[in-house]
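Here subunit A shows up in two complexes: once beside subunit B, once beside subunit C.
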Partner chain A sequence: MKNKKRYNNGTAYLMLSPVVIMLSIFVVIPLIYAIRISFYDWSFYQDPVFVGFRNFYLVLTDDRFYTSIGVGLKFVLLVVPVQLVLAFLFAHVVRAMGRKASSFVKTSIYIPTIISGIITAIIFQIIYNFDGGVLNAIIGSFGFEKVGWLVEKQIVLFGLAIPAIWLGFGITALIMLAGLLDIPESYYEAASLEGASAIQKMFHITIPLLKNVAVYLLVTGFVGAIQQLELPLFLTNGGPSDATLLPNFYIFEHFRNDLLMGHTIAAALLLFVVLGSISAIIFRVINSEKAIDE
Partner chain B sequence: MKKMSAKLLLAAVMGTTLVLSACSGGSGGGGTGGDAASGSESKSDGGAAATNDAPKEKVVVDFWVNQFEESTSAWFKKWVEEFNKTHEHIEVKLTIVPGDAWDQKMKAAQAAGKAPQVYTRDYGKIVPAAMQGQFMPLDEYVDPAIWADLYPNVEQFVLYKDKHYAYPMLVEPSAVLYYRKDLFQAAGLDPANPPKTWDELIDAGKKLTKDGVYGLHIASNAVEFSWTTWGLQMNSGHQAISEDWSKANLDAHYESLIAFYKRLYDEKVAPAQALNGYTDMADFGQGKVAMSVNGSWGIGQLRNDYKDILPNVGVAPMPTPDGDGTKPSATLGGWSFVMDGKAKNPKEAGEFISWFLAGDPEIMVDYFRTSQFSKFPPRKSVDEAINADPQAQSDEVRKMIAEKIVPYSLAEPTYDWAISFAFGSAIERAIQGQSPAEALAQAEKEINEFIAKNDYASKKP
Partner chain C sequence: MKTMSASQRAAVSVIGFLFAIFALFPLLWMAISGFKAKTEVLQTPVRIFPEVWLFSNYGEILNDPAFTRAAFVTFVGALIFAAVGLWINSMAAYAFARLDFRFKGALWLYVITTMFIPGMAIMVTSFVVVTRLGMLDTMSVLIIPGMASAGSIFFIRQFYLNIPIAVEEAALIDGASRFKIYTTIFLPMSYPPFVIVGIGAFLGFWNAYIWPVMTITDESLFQISQYLAQFRSGRGSEFGLMLAGATLGALPTIGLFLVFQRYIIQGIKISGLK
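For the complex of A and B:
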């Protein structure tokens, strides 16, 4: 008996080893290395000079760092709730469809997910073009004046949110649908027998049972949206006046322009802390629970 | 049976682990494999350098160039090929990199220790990067005589602590006014008398904005404002920071410059959202704008791609606040070749740079010819050769730019981009609604903070 147990442990370690080795090579070691060089004035050409917490000081006293986190959070608020609600409604529609129709719709809705952010940026560049863009042509036909969609501070973040929602909508809807299909049909039948209305069914059966899926989508949606890089990079370059300065773009801009890499790495590590804590808060506030019937 | 399969599984897992770790070893030292290869390569290099009966293996020099006009790419290809044909022991490998991908591609290559040995760089970035050891001084690897051929003011662009960190390829004024003579006439303006002051420019722009044509193409975002206004910034007689780099030096002139751009957008002289980037003449060439502020390279693009509108194109200096054409309205930007600070074959790279840019003047004359004489040579001998060229002689635009703009243009500032960007952002904020005074005050604060944080006064070269 004892022997068998030890043997099992050995197998478990062996099974784990590929993951552990890969994680160390691609995650743990680079992270430790990044933390180390964040304390140096580090370029690719000169010997690193130890500067203590100076890089962190530079980031933490930079107003644009806070601007970027603020813009990131605003962007998340624009993208994630809309995406979740749309996906929820859409999943309901698909569930009610026939087999053939639903598989066609599922395939179509998934297409944006496999289109790269860069292509999306180009598509929306054409849509938002000032002179001859599709959107301005449409509003022009109603007699409105042309709008600079990507240069007006008040609307530009919405302009970026729409492609972001479009990009993430498919996968969100499919995961939501999988969650919906997991809810046993018998619950609804029982509720109908008791005379529950559709709205009661939604609030007392569907939403509580989708909670785990929703938490997952909330966290991944949050992390995905706040880390958006391609859209600000190709559509607005973070402008106008930093209105679309998302955190990753802020880091990328420093990576691209700075001669020393310390500021970039310190900013990336600080963003990691910010993202990690917010994700932890989401998990904390909305406790994920096991499904009732388990 | 069960045990058997467990063993099999174990073996499989171990196998996978081995393969994985072998892979990772391989990637860490694409390292080891790569080094071995380059080791043999450098050995043969050494052989080539030491003895002449060297093995046939060539020294490879990677060479990256920015993507400019198509004619320029073709010129690069043609002459790199020629160099490879005439130099048995060196092979230059040309890579053309689009401008918007340049910075990230270069950073990635530098981080991986695979930066090209020779590449193109604009003047403004030479000194800051040389300060960080990113470039190798060329003096040791080239014939000192090549420096004497340069115009002294251009030579200054590449000097840091008495060493040359680049060899100049060309100079070009960053801001020139292009306008459509036919549209001027239609709007009741005098085509022979283009706007000279800011007020006249705005006035003309308003009159020209009609029938789906916009008045003016000009810089339209913070990055573009940052560098395209350098000339107009120095129109006041000083840069955005004090001589000793100890503080911001933004006076009333800088505020009026912000107000000028704000007016251009508030009064809808320029389209609210640019039709294309600053350096591109497509909107003007396609007849969507009546005037365009662009670099001298613009005429080259028009001559190559938009021949049909050429007879109606007028060219004039960029308007200034008071119309005084002897004060700067543009900077003399331009491009040079630099050698990477970690270049493995500096001798061969130096040979390539001297042959290409400082050798036979015909190579560079060919370049200026393909760019339709829209740029200017930094070398006296090339200038002489061009002046002898009948096509260049009869080129009125070239003459106007050479006589009325180039002499009054200044060098690009050598201070950090962050400082230029602070002022460029101020213009953008003003267009978004901030008052010019507020925008300027914020830029001043940002610049002073940058100077204090980086102890910038001590870094003035």
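For the complex of A and C:
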């Protein structure tokens, strides 16, 4: 080829134009517009009135906003660690299984990932039913008392965490498995020759080498769990007494009920600044720890 | 590979199958309960299988014109959404992977930044935009806004970056245009990423609830999730019927997954470890 760089401006712009135009209209313009409206009293029915930072002030002095962040964080703590530990266990189990059996198991665990929020809600509403639900029947057969999974304030977040874990487990586990299979077998063989025990191998080979995968899963798990909307919407409607008021549900509820949209939008923007910072901090903390290790 | 005793192997298999049961049990419960009479679904003591298998629940849902219409409309919408999305996103992916042009870096940054804007943050103003464009209560409001996807472009571009230059050199020397190279060489090779991105798009469309419920009030355009949500709030005490409907609503996606599962499970490796 010639030294001069060959540009394909015309073709490139033509090929990019559908995507760039559509992203501009349906993502970038709405974002800019959202930032603007967050400074206005604005509804679908009247002219906007500039109110400065008042919408942000209203959100930041709203107790329920903080409740929703707290509920969101608690929900993440219920969902993500369980998911990661189960996935870690699962990955080891599958690696040790025969080829045929493991492909059946892999397929099975992935299926819930493709089920919609409303269908999940329908299933779990029946499974959780106080008197005739199968879950209470199962725990009853072990001698435990029946539980009001979706109505007891102390329990209800567990009640939402179970379907959330069920929905997200497949992808988490398969990514974990891929990470595990990426570790060269020779590392383990070398360690065995040196006389390392199974536990030593786990702490000195498996866990350090899975760290990147785990960070990825932790951040995506955090982002996914904290943005859950359909489970509280369909299963609990945020209740009882705000025990399942997840952040996105808080925003959606304002969208449904408020006349003035500035508050809703300010809340949405603030939440994503807050949550974005938290996931950035998780990322930083874990990454810097890794830097010390090396 | 490590050697394991027969009993260890058996123990491992049992744990593996427990995971499978954890995943499949709720779905099997739904499908089987769909055969039960209304009073039997929540009957105590709990029985797994129905006393009498009632096929009428499934029959009744399939005979409900609102259900078949919702299923049909959602299916067609999802197909168009996935197919046109694949086309425009892969074209952009090709340009970013293989062409040199001015402002390439800036445009890439612009496109990829949109990946990090959460839908909830722009929900209200997206609604305003589609209202102004007169798209409410048409299929276009479901299909067009989410079709361009930075995530899909990113994924397909990774695949194109790994295709050796030699593949297109001969065509370039013959004077083929870049667009022709894209359509005749790259598109036919794109099956693996297309399966993954296409099915992801199809599922996203099929399972969507919030956006359809905001933008569609015309019952003839109701999506499958809207149908099920409406059924649940209106006739939610007809448990057997509702579960039959939910089962039928999940079947197409499960079927699609089972057909392409090999590619999807492979794709997870790529997307997880980029």
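We adopt the following convention: the second predicted complex is superposed on the first by the 248 of 294 C-alpha atoms of A that agree within 3 Å, B and C clash if a C-alpha of one lies under 4 Å from a C-alpha of the other, contacts with A are read in each partner's own complex, and residues count from 1 in each chain.
As a working rule, contacts are C-beta pairs under 8 Å (C-beta built on N, C-alpha and C of every residue); 3 or more make two chains touch, one makes a residue touch a chain.
Note that the coordinates shown come from a computational prediction; the quantities given were computed from them, not determined experimentally.
Chemist: Considering only the touch criterion stated at the top, classify A:255 as touching first (subunit B), second (subunit C), both, or neither.
Modeler: Touch partners of A:255: subunit B and subunit C.
Chemist: So, A:85: does it touch subunit B (first), subunit C (second), both, or neither?
Modeler: Neither partner.
Chemist: Once the structures are superposed on A, label A:207 by its partner contacts, choosing first (subunit B), second (subunit C), both or neither.
Modeler: A:207 contacts neither subunit B nor subunit C.
Chemist: Name the contact category of A:281: first (subunit B only), second (subunit C only), both, or neither.
Modeler: neither
Chemist: Which partner does A:169 reach: the first (subunit B), the second (subunit C), both, or neither?
Modeler: So A:169 only meets subunit C here.
Chemist: Which partner reaches more residues of subunit A, subunit B or subunit C?
Modeler: Of subunit B and subunit C, the partner in contact with more residues of subunit A is C.
Chemist: A:15 contacts which: subunit B (first), subunit C (second), both, neither?
Modeler: Both partners.
Chemist: Does subunit B (first) or subunit C (second) touch A:61, or do both, or does neither?
Modeler: Once the two structures are laid over each other on A, A:61 reaches subunit B alone.
Chemist: Which partner does A:25 contact after superposing on A: first (subunit B), second (subunit C), both, neither?
Modeler: A:25: touches subunit B and subunit C.
Chemist: Touching A:117 in the superposition: subunit B (first), subunit C (second), both, neither?
Modeler: second
Chemist: For subunit A, which residues belong to both interfaces, subunit B and subunit C?
Modeler: Touching subunit B in the first complex and subunit C in the second, residues 11, 14-15, 18, 22, 25, 44, 129, 131, 252, 255 of subunit A appear in both lists.
Chemist: Inside the complex, what are the residues of subunit B that reach subunit A?
Modeler: For this pair, the touching residues of subunit B are 6, 9-10, 13-14, 16-17, 20-21, 24, 28, 103-104, 107, 110-111, 113, 115, 128-129, 132-134, 214, 220-223, 271-275, 288, 341-342, 417-418, 425, 428-429, 431-433, 453.
Chemist: Quick check on the complex: what are the subunit C residues that touch subunit A?
Modeler: 1-2, 4, 8-9, 12-13, 15-17, 19-20, 22-24, 26-27, 29-30, 33, 41-46, 88-89, 91-92, 94-96, 99-102, 104, 107, 110-111, 114, 117-118, 120-126, 128-130, 133, 144-148, 150, 153, 177-179, 182, 203, 206-207, 209-210, 225, 228-229, 232, 239, 242-243, 246, 249-250, 253-254, 257-258, 261, 264-265, 268-269, 271-273
Chemist: Given the complex with subunit B, which residues does subunit A contribute to the contact?
Modeler: 11, 14-15, 17-18, 21-22, 25, 43-46, 58, 61, 128-131, 146-153, 237, 239-242, 252, 255-257, 259-260
Chemist: What residues of subunit A sit close enough to touch subunit C in their complex?
Modeler: Listed in rising order, the residues are 5-9, 11-16, 18-20, 22-23, 25-31, 33-34, 37, 44, 86, 89-90, 93-94, 96-98, 101-102, 104-112, 114-119, 121-124, 126-127, 129, 131-134, 137, 166, 169-171, 173-175, 178-179, 182, 185, 188, 212-213, 216-217, 227, 229-230, 234, 248, 251-252, 255, 261, 264-265, 268-269, 271-272.
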